[in-house]
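Read from first to last, the chains carry the letters A, B, C and D; within each, the first residue is number 1.
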Amino acid sequence: MQSLNNTKVKKQNIGHNTIVKCNDVNIGEGFCTVIAGPCAIENEKMAVQTAKEVEAKGAEIFRSSVFKPRTSPYSFQGYGTNGIEIFSSIRSETNLLLESEVLSCEHLEILYDHIDLVRIGSRNMDNYELLKEVGKTNKPVILKRGMSSTIEEFLLAAEYIISNGNERVILCERGIRTFETYTRNTLDILAIPALKELTHLPVIVDPSHSCGRRSLVPAASRAAIAAGADGIIIEVHPNPGSAISDGDQSINFEVFNNLMKDLYRLSEVMNKKWAVKNRKMTI
Amino acid sequence: MQSLNNTKVKKQNIGHNTIVKCNDVNIGEGFCTVIAGPCAIENEKMAVQTAKEVEAKGAEIFRSSVFKPRTSPYSFQGYGTNGIEIFSSIRSETNLLLESEVLSCEHLEILYDHIDLVRIGSRNMDNYELLKEVGKTNKPVILKRGMSSTIEEFLLAAEYIISNGNERVILCERGIRTFETYTRNTLDILAIPALKELTHLPVIVDPSHSCGRRSLVPAASRAAIAAGADGIIIEVHPNPGSAISDGDQSINFEVFNNLMKDLYRLSEVMNKKWAVKNRKMTI
Amino acid sequence: MQSLNNTKVKKQNIGHNTIVKCNDVNIGEGFCTVIAGPCAIENEKMAVQTAKEVEAKGAEIFRSSVFKPRTSPYSFQGYGTNGIEIFSSIRSETNLLLESEVLSCEHLEILYDHIDLVRIGSRNMDNYELLKEVGKTNKPVILKRGMSSTIEEFLLAAEYIISNGNERVILCERGIRTFETYTRNTLDILAIPALKELTHLPVIVDPSHSCGRRSLVPAASRAAIAAGADGIIIEVHPNPGSAISDGDQSINFEVFNNLMKDLYRLSEVMNKKWAVKNRKMTI
Amino acid sequence: MQSLNNTKVKKQNIGHNTIVKCNDVNIGEGFCTVIAGPCAIENEKMAVQTAKEVEAKGAEIFRSSVFKPRTSPYSFQGYGTNGIEIFSSIRSETNLLLESEVLSCEHLEILYDHIDLVRIGSRNMDNYELLKEVGKTNKPVILKRGMSSTIEEFLLAAEYIISNGNERVILCERGIRTFETYTRNTLDILAIPALKELTHLPVIVDPSHSCGRRSLVPAASRAAIAAGADGIIIEVHPNPGSAISDGDQSINFEVFNNLMKDLYRLSEVMNKKWAVKNRKMTI
């Protein structure tokens, strides 16, 4: 890809794999990092309960979404700024890092001091003005691939962040649009090794949005690690059937527990360490 | 589409076709409106020259892009705020209305008093925070369909604008992503009659971004009108071969002139009036 | 497209537009030819009734499908060889030419003496062994584009026929697969001018399979002619609501009648003659 | 999927997972089977050399293609019937089973007595007349998914075979068409768990055609097994750089050797036995 010739995302221009360090958590080549939590924070109790559970099973980062980009303006738009208080509860009850999606520069400002990682969702991968703003911070950024973005466009979106000064970018494959309707999206599993040969940045996978069906999520997660992904961001809910948003693709605690065991074994095959070096699986 | 049941975009909920009036220009069912101009304003001379030419051939609105969303951060990002002075020159030399793309709330504020219509590009169709802001104004909005947005999502994006108070929305089909590579995008011509049966809003087509090749643009434009579109937004450049951006898909003055003659005849077949009621084609 | 360099489909290698003549019917540049009839022949009465009706309104060729490729083996597979008797009735009651789909070399042999044009459906565009067989005959062939074939592959499939000796190939765009679900397929309207600049072969459009919804079929048909297509192949049924197959996309006689009037006017704008030179529209 | 309600492919209608036995090779749930060999047989020497090599590393079945469906009629169309003699050489030098693609009923007849498994390629998944013929035999059939076939259509194509009497069908996911161009196709990894919950039939993956680039093939293969596939069909060539067809996606012996070691370890994680029960990896 000629368009990458003089970019900072290109592997050959850097010469090493970037490990994004976030406190004691390593994200990148050689590690397997699990980000887990509900699609959206619904209330304090479920958030804390889920956080404790996923931490106990080996997750390092909590998915703490309070601003939700929804297709319809009449759908639940997230818990909003009130969610910030809940962040404190999670921090007092667990050692998890917190990540959350921002949809605008205003959101970024509101959440900045309360989260450890910023997430840019698929719908905003092409929102270059937001990318530039995030690029001016030094917070780690999880950048999700657009629903129909090419690998090249995905990398150039990351370049918008890096070229503004922030090199702590984590790429997230989350499924692309195709004609297939049995799954919500088509997980582009080949994007993982493709990105790994093109860029030095960490690559993780969102199996939940890829699948849209919880029954497929464990297989998608395993495939991601076997294909070389450096981790996953996965939706876990105490009771997926009653979730306010995306319940169909959320897994419950038991399924998550079994999945983590599989991922642990797969990480060994793939020569990947668990994200925190000295942590042992308690499962 | 159940998701449209209680929406304001739905045709059956409104009972009439919306004509967006912008000074003396009508955009909507029964009219054919042509928006023309270069992909990007490059300098005053070419902008004014192009504006005078497209006005003479029957265009009513000038495409006046000064902020350009480019895949690479290193590509030309547009003439920027300096373009505002050029707007004055165009207004003093022609009677054309001006439309321009905004990529952020900041752009919206900067351009608001200088343009007649706001354009939201494909990359920002899912930028709901921007849609909400545009929804709080009463400026006509050209909303382009996302590169891989469904018709349903397109209509719900419009609903984000309308539900915030601004009903002057013009939908623009501009091609979707498919496996075909001969064309830049695949013009979804069926989206025109589909939108026409689902919504009361005006529907226009961008043949230039659909095609990506100037040789196909006239056919795409004719097809759009024959399928029922209420107008087109088309890239015209004095010398496409030397354009700073998207020259491959821009047509020159002669091709534009011939195309306008075809569109005039097609509008008659389709029982569409030219956008300004008493205007006569001078061609 | 380099792959076309030494092919017989390439326009520049031939230097003229091919008009496929079939008795007194011309198919190709400068003409507009309408092929109409039901998705499948259901019985003699409906076949003859439909044939007389579409002939009266200006169609020149009757869509006479007796072998149906169906996604499920348990769906109606067509009237089969018994349909051949019905062909005789249509011939005795009208002057229409007959075309029919073949799914195999065996079908080709069975139908060969009874039809004027052979149709290869989308599902068999890549069935090269069948293409070679058809290429050894001198019967005009309507070759439909595969559901996800590129324009290049489409042309090379035609080359399989021509390189075996049969130059009477008519290309048919019929919609491609995309993520959009409101329509059955996405009519690739740009394929028409694209094919017109790449090849000398006639290009027609199947609006019925493109749309999958009869309400969109007239707009799709008009767009096809305005984009430069040399004709359409369209599903017409006396009572679409009770059709055995594809009723949702079939139009009734009244809608067909109105559409033909539109196409006649559009053909004039496009400088296209009606397929039979001295025929006048009776509508 | 309602269309599967009364089908023989549906898991719930059968109540067990089908293991296709082919001599002493098991293909299906609980096993991992590797089919390997060149894209096309080019000559006896390379065929035998490759066969011995892949057998030594754990493959059970040899990919022995002699009829090649090529996009252009002027590309190499395969070694043809002369290849049958080479089959004898492979059998005398190895214990591998042989599989080969048939493009027509004629090919099926020619190859029938010389191969152990029949392959129907992507281009012929919709060639229902061929499926019916294969369904009348009792030879195991590897059915590849069409380039843009839905999972539902894929299963109904299998039903065409089974409903004609042959239940020994092995489904093969091989990548689908999307807008992404860095890879030849997009491997639909989610199709594996999706098929596993919908049908009792074995599911394998073709990583070579999915990727189109050999650097991605090992990751694709590992992901396939981790997602639950029952095996892979992979292109291996003594010298991929000089292959007559598809050299870009073929891996050499060394890469194949390393991949097999990975697959062996992954099979253990997935509780899958190697295809031949008592065989031990010699690697």
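Convention: contacts are C-beta pairs under 8 Å (C-beta built on N, C-alpha and C of every residue); 3 or more make two chains touch, one makes a residue touch a chain.
From a predicted model like this one, the values you see are computed outputs, not experimental measurements.
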Two candidates, A-B and A-C; the one with more touching C-beta pairs is A-B
Separation of the C-alpha centres, chain A versus chain B, in whole Å, is 35
Rounded to the nearest Å, the gap between Cα centres of chain A and chain C is 49
Touching at least 2 other chains, the residues of chain B are 148, 152, 177-179, 181
Contact graph of the chains (line, ring, star, complete, other): complete
Residue set of chain B touching chain D in the complex reads 148, 177-179, 181
Within their complex, chain A touches chain B through residues 3, 6-7, 69-74, 103-107, 123-124, 126-130, 147-148, 152-153, 156, 159-160, 163-164, 177
In the complex, the residues of chain D that touch chain A are 1, 148, 150-152, 176-183, 186-194, 196-197, 210-211, 215-216, 218-220, 222-228, 262, 265-266, 269
